[in-house]
Amino acid sequence: MKFPLRYLLPLFFLVLSAIAFATIFQFSDLPPADFTFANGTEVKSVDPKMVTGAPEGRVIEALFEGLYQRLPSKEDPNVLVTTPGQATSYDLSEDKLTYTFHIREDAVWTNGEPVTAHDWVFSWQRFLHPQLPSEYAYQLWYVKNAEKFSLSKVDTGDRVEIELPDRAGPTNLPATDGNSEQHYPRGTILSGILKAEEKISVQVGDEMEEGSVFEVDVKPTKAGKIDWDAPGEIQKFVRLSETDAVRNAITKENPHVQPVNFLTIHFDEVGIKASDDHTLVVTLNNPTPYFLDLVAFYPMHPVNRTCIETYGYPGWTKPENIVSNGPFTLEFRRIRDRIRLRKNPKYWDAEQVKLNIIDVLAVQSDTTVLNMYMNGQIDWGITVPTPALPALLKRDAEKPADSLPDMRIAPMLTTYFYRVNTTKPPLDNPKVRRALNLAINKQEIVDYITKAGQIPATSYVPPGLAGYGGGHSGEFNPAEAQRLLAEAGYPGGKGLPKIQILYNTHEAHKDIASVVQQQLKKNLQIDVELRNLEWSVFLASSRNLEFDIARAGWIADYPDPNTFLDMFVTDGENNQTGWSNAEYDRLIHDSQSEADPVKRLEMLSQAEQILMDEMPILPIYYYVSLNIVRPYVKNFYPNIQDLHPLHILEIDEAEKQRIFKAEGLR
Amino acid sequence: MIRFLIRRAVWIVITLWLVYTLSFFLMLAVPGGPMSGERAYPPEIEKMRKDRFHLNDPWPVQYWYYLSNACRGDFLSSQVLNDYEVSEIISQGFPISATLGVLAMSMALILGLSAGIIAALWRNSLLDVFFRSLATIGIAVPNFILAGLAIMIFVFQLKWFPAAGWGKPIDMVLPSLCLAAPFAAYISRLTRTGMLDVLGQDYIRTAYAKGLMPSTVVLKHAVRGALLPVVSYLGPAVAGILTGSLVIERIFFLPGLGTHFIEAVTQRDYTTSLGIVMVSTALVLVMNTLVDVSYQLLDPRIKLK
Amino acid sequence: MLRDADAIQGVSLWQDAWRRLRRNWVAMGSLTFLILLSVAAVLTPIFPLQSPVEQHLRDRSFAAPNRQSVQLGLSGLDEEQRSIAIKTLWNDPSAFDEALIRTRLAIFGDWAVPSLCGSDHLGRDMLSRLFWGARVSLIVGVVATFVSLIIGVSYGAISGFAGGHIDDAMMRVVDILYSIPFIFIVIFVVMVISEPTIKGPLESFGINRLVAFYFLIGAIYWLTMARVVRGQIISLKNEQFVDAARTIGADSARIVFVHLVPNVLGVVIVYLTLTIPSVMLFEAFLSFLGIGVEEPNVSWGLLANEGLKVITPIRIYWWLIVFPALALASTLYSLNFLGDGLRDALDPRMKNR
């Protein structure tokens, strides 16, 4: 007893030290990457349907390739143009509703399978599938019946598909567990025509509850083809979306009702079809001039069916399993450390890909990013700490005129604004809101707080969209603001209750809010207090309209004013101001079916002017991208969407050595 | 001793359960789930996403579901890093934090003990004052400032170490030094105080009187007595290093448990933060048990109960 | 003989300690510094400092330390404007502070001390912020430590003396609390009390984030104190003087608080001098994670964290990190040296030496 216990503690330390040193030397033989960049944060997933953020976008764009891609234009590299990716070309019908994409013959997956039109049918079905729709699913709702499918809405008379609860998953998940995200391969699919939906009341515990039973005329399937004209068999189904108790009660009381996983509109009815291996036909609800930008958007990238059906999610995203079709492959992932990408030799344009190994670092802290950059550990950082910005700009200015700067600052399609709660007095009065807007000196904010050349905002939609005029909110004008406030019944700010500005905890938001606080105090004698909340609490408060004024930002999903404006329609999910205007709703709605692009933009401009007159939001400034890039990185161009495809980048080795020598780096 | 360990094991299980329950309900009470993003989504989509983690269930169902899985060591999948199970995150993060912690602890012990002993033996000498001042810097300056200054000096002036990152053994040196600094300082103080206490005791005088070599007296008797406060400090020090690593891992961009934890908590990743809380709790419990055992081994006057 | 006895003055432990402490110039220096600092912190509003919150974005953002004279700009205002200005410039001062500010305005008029310590990114005066930050930092340190002292010493002493099952149970509770990573609880509680539905009612009771902080931190730091005290009591309770006390019929409470606790006071004080600094550091740590003291309040931890953000290899605004770090360090230094001095002074074995 004496011997082992006496040495317990040192022994424990020895074991720990052993682990420690084993860990240290485990990774020490890692070959250096050709190109390393700080991606801002750890990616939430590499599955295109599971993510929404820009950091994820950068990785997914490298791993997968969509029908089209957005690359710097040859004429002006600061402008992005949609260029062929996995598709070589497309045809657009007269009515601008049908897109026919021609898929590249030489495109292959990393497992050797050819990339075909069927891959998009599969990927987009998976993307929209009601079991776990992508947060971006609404981006495909422009496609005919996509919304109905995604939300599993069905009407009597619709052709429907029914998934029976007989899934054979690759892992032993219960086949009826509809909450499992691993929904491929699916169970047996029945097809038929919905005859009726009836509400049935059943006894659950002590209460009566209601559930839906669907009556479907199920059509026979012969050799994989559905015979819609043949006489069918009437069957009744109850869906998984009912609560377990209701579903069980219904099937107990009505033995002929079958429980099924999903009952949705038939996917053949959705406007996504492969007419042959290399032709994809997409039918839209309305003419959508930015549809090509959408198919180039990373959530719409295709995924490999074999891989997903073999491993399921999340198994298929593991580096050892993943099959991709983009310029790079996934070599390994270390959580909140790095993702290593390696050039994909099977990529159709592999000759043009210059970088062999790319490291994507998940660095969070801006200061750390700058430290690593200055120490030569990374080649590109997506942002820099604001206090260092003036010094960095000065450093660039002192360089010889012909050399590239490190800081690449460019305007972005992103607006920083304040939402105003229009349901609560005194802010329910548009005059008060306009007075607030005119009393905020936005120039001062961009000059002294953000300091990176951000542009003071006089409209909601940022400038830079070709052919779009937009609305105007008026320039900084304290005298006019005081007049408006007096007109609203608060001369000299008298009688106005204290207004609260709500922001999520962040240095920059705090600084801006406190400047606005001082400006409103000075220009309108309004008392403003600041309140910060942690991110998710802040979101909840914004949604429940528990604020007077709340900070917000909006990044364009696609380069079109609609991405900004359609959120302020009455009861829009992202409206969050309580504001509603019938004329505005009508303009937005009508513009979506307007075929003439000039007229459409005109209508959107009118809508924005209404927004700017009514002021449910106070635009503050338009963002700029603050990329810091080593001058030896070639083909890196700033653009309004801040997209920087990795596969066109190149390292100028001679220049790199010269710079490293000059800065004394290794 | 065996009975002590068995009883302790039972207590550890009960403690873990209490901690789990407490943390679970604390998190449940905080508004704003992990599913909230900057944009709002149609309610149907929102519901399906929440269903994945049983967040729509009433709390007893949720609690039972999570607890029964946790008992099997399965903390489910992360609610933010969709591709990973919590156990994967922990198994990737733990070795890094453990490495950092063990290195820091060893540095703290070596530096702290030697400085403390020297300071006590040559009390009020220049060396004593020097070590005490150095120790006070360790205690008096927050380690994030220390780390910031160390980066400026050792990375950008002397160019000895990389600024941040994780990959080569050299990456570990600066972070563990910064993490060790306050603990080395504490330990040197405790050692000095403990030594001075012991050196004033009668039995030391007796030992000297017996004619033992001063070095023997110091090493065999005095140091052993002085180790007591240090050993009892090890338990809290482990907890402290866990806390300190939150800061250090963040500054030096190390993908350890501390980084994962802070990220998980701020992003409302229920499952991951619960998992990490449980792991660090278990770690601290085990360390405390070890400290109690060694305390008894060092001081026979104390009986384990 | 009796006369002789009268001539020998009884010297209490504390008198004796004080005598010895006075001979220790380092400890006395520290004590003086701490007293001065506390007085300065309490009386901050009366000093002719600039406003701690007023921003000068245009001309003084990141201004280096300088000796340009500064006017507050309050001279031409009438009484009503003046009280509004006071509220804005000093961020709704309490009645006590406002009285001090008015006294200061009466004495020094519009004149304010130049930005001797430079100004921050918003052009706020660093010197003034340091003074106002001292208040928060010191109060957090002292109050929280005091809370932890009371809980920890009584808990540890009772537990150690009682022994047996009671000791076991009490220490299990400490173990349980010990093994919860506290940062977790702190993050959580801070978030809960920031909730609008919870914040309102709490504030009507006068509990804001700062007050919650004292108790939160105090409630964390008593654990170590309890353990140390318990350990000491256990090794002391078998000593002869306890038996002696018991023999003359002292009850348990008396033995614990009259005989045992004073004997562990040395250790307690050493821990106390470690606890105040670590509480202040903990506050700084929370500030680093962005969940510490809230603006517009300032603490040294918050200032240091803001300073850290501007240390970049490209440009170092040294005054933003050096002054808060110096303020923190010198205070913690003094506390430590005072602690050392007290430890030596209170050592019973040093009696009459």
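List of remarks:
Note that the chains are named A, B and C in the order they appear, and that numbering of residues resets to 1 at the start of each chain.
Assume a contact is a pair of C-beta atoms (placed from the backbone, for glycine too) under 8 Å apart; a residue touches a chain by one contact, two chains touch by 3 or more.
Heads up on the chains, UniProt names are A = Oligopeptide-binding protein OppA; B = Oligopeptide transport system permease protein OppB.
Since this is a predicted model, take the numbers as computed values, not measurements.
Distance from the centre of chain C peaks at A, each centre being the average of the chain's Cα atoms. Interface comparison, A-B versus A-C: the pair with the greater number of contacting C-beta pairs is A-B.
Here the CA centre of chain B is 24 Å from the CA centre of chain C. Mean C-alpha position of chain A lies 37 Å from that of chain B. If you average the CA atoms of chain A and of chain C, the two centres end up 47 Å from each other. For chain A, the set of residues that touch two or more other chains comprises 367, 371, 374-375, 534, 537.
Contact with two or more other chains is made by residues 30-31, 151, 155-156, 266 of chain B. For chain C, the set of residues that touch two or more other chains comprises 191, 195, 308, 311, 313. Within the complex formed with chain C, the chain A residues making contact are 367, 370-371, 374-375, 385-388, 390-392, 395, 444, 447-449, 505, 507, 510-511, 514-515, 518, 521, 530, 532-534, 537, 541, 546. Interface residues of chain B facing chain A in the complex, by the touch rule stated above, are 1, 30-34, 36-42, 44-45, 48-49, 51-52, 54, 77, 80-84, 88-89, 92-93, 95-96, 98-99, 101-103, 105-106, 151, 155-156, 159, 162-169, 172, 250-253, 255, 259-260, 263, 266-268, 290-291, 293-294, 297. The part of chain C that touches chain A in the complex is made up of residues 55, 57-58, 61-62, 88, 121-122, 191, 194-196, 290, 294-295, 308-315, 317. Those residues of chain B lying in contact with chain C across their complex are 11, 15, 18-19, 22-23, 26-27, 29-31, 132, 136-137, 139-142, 144-145, 148-149, 151-152, 155-156, 182, 186, 189, 193, 200, 228-229, 232, 235-236, 239, 242-243, 246-247, 261-262, 265-266, 273, 277, 280-282, 284-285, 288, 295, 299, 301-302, 305.
Partner chain B is touched in their complex by these residues of chain C: 164, 167-168, 172, 175-176, 178-185, 187-188, 191-192, 195, 223-224, 227-228, 231, 234-235, 238, 270, 274, 277-278, 281, 284-285, 288-289, 301, 304-305, 307-308, 311, 313, 316, 321, 325, 328-329, 331-333, 336-337, 340, 343, 347, 349.
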